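Naming follows writing order (A, B and C), and every chain is counted from residue 1.
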Amino acid sequence: MPSLGADMEAGTLQEWLVAPGDTVTRGDVIAVVETDKSAVEVECFESGTVGRLLVAPGTRVPVGAPLALIEAAGRETAARDRAAAPVEQPAAPRPRKAGQEAAPVPQPPVVHAEAGPLVRHLADERGVDLTAVHGSGPGGRITRADVEGTAHEGGRRPRATPYARRLAAELRVDLGTVRGTGRDGAVRGTDVRKAAHLRAGPAPAAAETAAPSAPARAPLPVPGRAGAAEPAAAAMRRAIGDLMSRANREIPHYYLATTIDMSAALAWLRARNRELPVGERMLPAALLLKAVATAAVEVPGLNGFWQDGGFVPGRGVHLGFVVSLRNGGLAAPVVRDADSLAPARLMTRLKDLVERARRGRLRGTEITGGTLTVSSLGDQGVEAVYGVIYPPQVALVGFGAVLERPWADHGMIGVRPVVTATLSADHRASDGAVGARFLNAVDRLLQKPENL
Amino acid sequence: MATATTTYREALREALREALSADDRVFLMGEDVGKYGGSFGVSLGLVEEFGPERVRDTPLSESAFVGTGIGAAIAGMRPVVEVMTVNFSLLALDQILNNAATLRHMSGGQLSVPVVIRMTTGAGRQLAAQHSHSLEGWYAHIPGIRVLAPATLEDARGMLAPALADPDPVVIFEHGSLYNVSGELAPVEGPLDVASAAVRRSGDDVTLLTYGGSLPKVLSAADLLAGEGISAEVVDLRSLRPLDDATIMASVARTHRAVVVDEGWRTGSLAAEVSARITEQAFYELDAPVGRVCSAEVPIPYARHLEEAALPQAEGVAAAAREAVGHRG
Amino acid sequence: MSTSHRKPAKPAHHGTHQDAAAKHHRDLLASMLLIRRFEERCVELYSAAKIRGFVHLYIGEEAVAAGVLDALGPADAVVSTYREHGHALARGVPTDAVMAEMYGKATGCSRGRGGSMHLFDTSRRFYGGNAIVGGGIPLAAGLALAEKMRGGPGAVCCFFGDGAFAEGEFHETANLAVLWGLPLLLACENNLYAMGTPLRAEHGQTDLAMRAASYGMPAWAVDGMDVLAVEDAARRAVEGIRAGHGPYFLELRTYRFRAHSMYDPDRYRDKAEVEHWRTRDPVMLLERRMRSAGELDDASYAELDRRCTDEVDRAVAAAEAAPVEPVGDLLRYVGTVPGDLPEAR
């Protein structure tokens, strides 16, 4: 059981995506785990053949417990032997570190079909899964037209009723894998239930091999009634509560705020968006995140962790972005190396992460390893966010809504779009002057968006 | 207490008799409500019992007598105004919309208009295009009035008293095809709740929402469907304004499919309003598009076969339900 | 004599019949003058965009409101039209409340929901300006029916114009009121124009009183510029109504000196025609009569005028300073039933 967050102590295996005998490659998604916060896909960090599945779906096991055996080059190894080390300090930042060591960079899924770099890039931009695209080029090569066609027909968006979509999210069923029996092949509620039922079917056989010490817990998806979501929501509430209580207890927060003139940033966005297809247009969030990431490089005291009584700078700027989930609760997917991404690319990453966070389809590595978190409640209409730091990080940047406000500039008053940027920072790791430099840098960077 | 066999017409009359006996401020007025007994026989015998002052025949002047009812209500009386059919009520629409529904607001809350306006609605009796329309949806559009549609004997008997107790105007639609419906009716026990929709039949697979004269057809459709293994829930809206969203959404949340059956024309209908609300409030419960079965968009024709073809019928309702559930054929 | 309408000038007079007549004339003059000054101020305020909407001025027709309403008591009810500032003021609706309503303020007599065309004051049984031509007539019949059924002594006065006489609602109600013997005074203000359409272009038979009589009720044509004639006719009609003779009809022949509304460029009337009618200005006619009878001199007229002007000034100042209804109260007064407003869920 991988550690999928600093606060994670145990997880419930929801679903196996592989069966014994399957060949797996490093980076493949092999299972779905339900944490207190969300359902997360578990990647495999070994290549080989799946041997025994040790944990049955619906079983809750502590972080570090082996989930399955993978036979690599003819020998059977525990897939998780490194993480299977004694699970001491479950709430400490250690598991995060372990995760970073195990998988510093998430590997893209292996593409078996032939596709050139341009096509790969396009597929990435449009969110098209190349393994699912039928190549029409010479030798089955995937062409640009194939990707565009797939993106156009909504390849990633199966036709499904609103109820089926909701149910699929609740039961953690991937709609793309469900055969629809509705009109024009639309996936309906009953199809999702059937898929969830089939998935849960083979569980008992494997359950016998599960570690007997694993604390028993009722499998989360109780098919059929809306009440099923409640225990999960309550557990998430508790997890958030625990983590935030800890943050408030342990971290001496200080808070700074500054109001930033967004005229230049918005003008640049408008101009840029005119050149972009509708689906790729950027929101101000892309620029705000990029400015934060760049400022974090310029003013290093805020990007990293408080560990063992000292500040440990992050390796790279990996920005967590707080997403509020539809059924309540939060997720903070991480945009890795945000400082090196162009705003448009950052926007694409952000859109993808937010969408999957809302569907409960984030991978483990995508919610760990953040070095600095950004919380934007602008879409909720508030002016400023004074957030609680996500331990062991040492700072959280908040953004309110971009609002029109009277603004004095060179003795003249005009109406400008402005945003309030706030910084919550750990006084053990930095002082107000550092925070002020940081916010000033964010402001300055946003005045020259073309350089971002 | 024992139930008694009665008809929808008799139940309405009994309610009027009770109201006239209970409160001196109540009086009935309308065209031929006296000696004639009401054009559909609802008030038969009441003029003999209560006299011509309180069971008042009016000239054929809908605007004048509906407006007079409104004026009397403002002055503290509790008039029950009978308009022969909803088509004729258009002659009094000025009074209903521009006076009854607006006076409270326009006077900054100084006036109450406790008038009850009863009218016959609906087709099914070969009365052709000027006596057969269902315009309930138009009235349900208007803020400031309550719109009720009794579809059962119990509601025919029980809706008048709470309507008279309401300080605001209430329009009650009696479907012409229901007057002769007969059945057992238990004695009245306490005031009837007129704010809620009623589940007339429970089911799991699809919610059929309807009101008034379509209720019997929809219940037949539910019987048909049951024979095919489809369990339909039938919701009688009862109050067309305000709509009881809670009951509607609770049912749709159980069945995940809805078909609205409305004798009004489809375009801009009450069915459209119900459907829109389901989409607004229960979108993530929907497992099929909301279906509508309404009257064909044609003035209701005279010839029997044409009239039947123009109206919602049990088989059409069943077909829409099958479509929603996903059974073909 | 109405106890409900204002009496701005109240010099002490005792005893003699002449004194009582003089005092009564002064009251009528005060009533008309207040309306005149109020309406003149409305022109200014409308031009200054302080008040908006359709504003229909009563200047020239003051004798009708002052005379008819003088014949009513507080137990009687009044239903009016959209040209009803004069009716409201003569009925005793406070000038402050009428002006505040024009301003759309919370202190307006309809809490800013009605405006110029919808003045209401149930405490004075003033059931509103109705802006649907003819729309108030059935309503008045209903008020009268309630009065009759309860055996009360009250009469209901319904004002409407020559335009409404062409509406079905007038004819339906006239018939019904006679049929049922309702205590209803149908007060038709014939100002010769239905908006821009002259009487002769709207009615095949322009003798409205004669046509009303055909329904079977007493109907008299009265000089609507002579307040004493109006009052006399109204008093006799109300006596008949109270005696249980059923409805009465008065055709009050009058003229508006200003356009139909503040929107109206008034292109359909001859200037000479307006000037001719101005020589029969009802305020001037009464003033002259009183002066020649020794009931009024320059000083007492100036004093009366000043009181009316001051009252309007105070009303404007109060309206300017008054609060508006909070937008949060937008959905109030639609229905008393909770849940009547789906938007308010």
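A few notes on this one:
By definition in this document, contacts are C-beta pairs under 8 Å (C-beta built on N, C-alpha and C of every residue); 3 or more make two chains touch, one makes a residue touch a chain.
In this text, all values refer to a predicted model and were calculated from it rather than measured experimentally.
Chain contacts in this assembly form an open path, with each chain touching only its neighbours along a single line. Here the two chains linked by the largest count of contacting C-beta pairs are B-C. Computed centre separation for the pair subunit A/subunit B is 53 angstrom, with centres defined by C-alpha atoms. Averaged C-alpha coordinates give centres for subunit A and subunit C that are 72 Å from one another.
As a whole-number value, the distance joining the C-alpha centres of subunit B and subunit C reads 41 Å. Those residues of subunit B lying in contact with subunit A across their complex are 253, 256, 283-288, 326.
Only residues 27, 53, 56, 58-59, 61, 63-77, 79, 94-95, 98-99, 103-112, 143-146, 166-168, 195, 241-243, 245 of subunit B touch subunit C when the two sit together in their complex. Residues 77, 79, 108-114, 118, 120-122, 127-128, 130, 132, 135, 137-147, 149-150, 168-169, 172-173, 175-176, 179-180, 332-337, 339-342, 345 of subunit C touch subunit B in their complex.
The part of subunit A that touches subunit B in the complex is made up of residues 161-166, 181-183, 188-190, 226.
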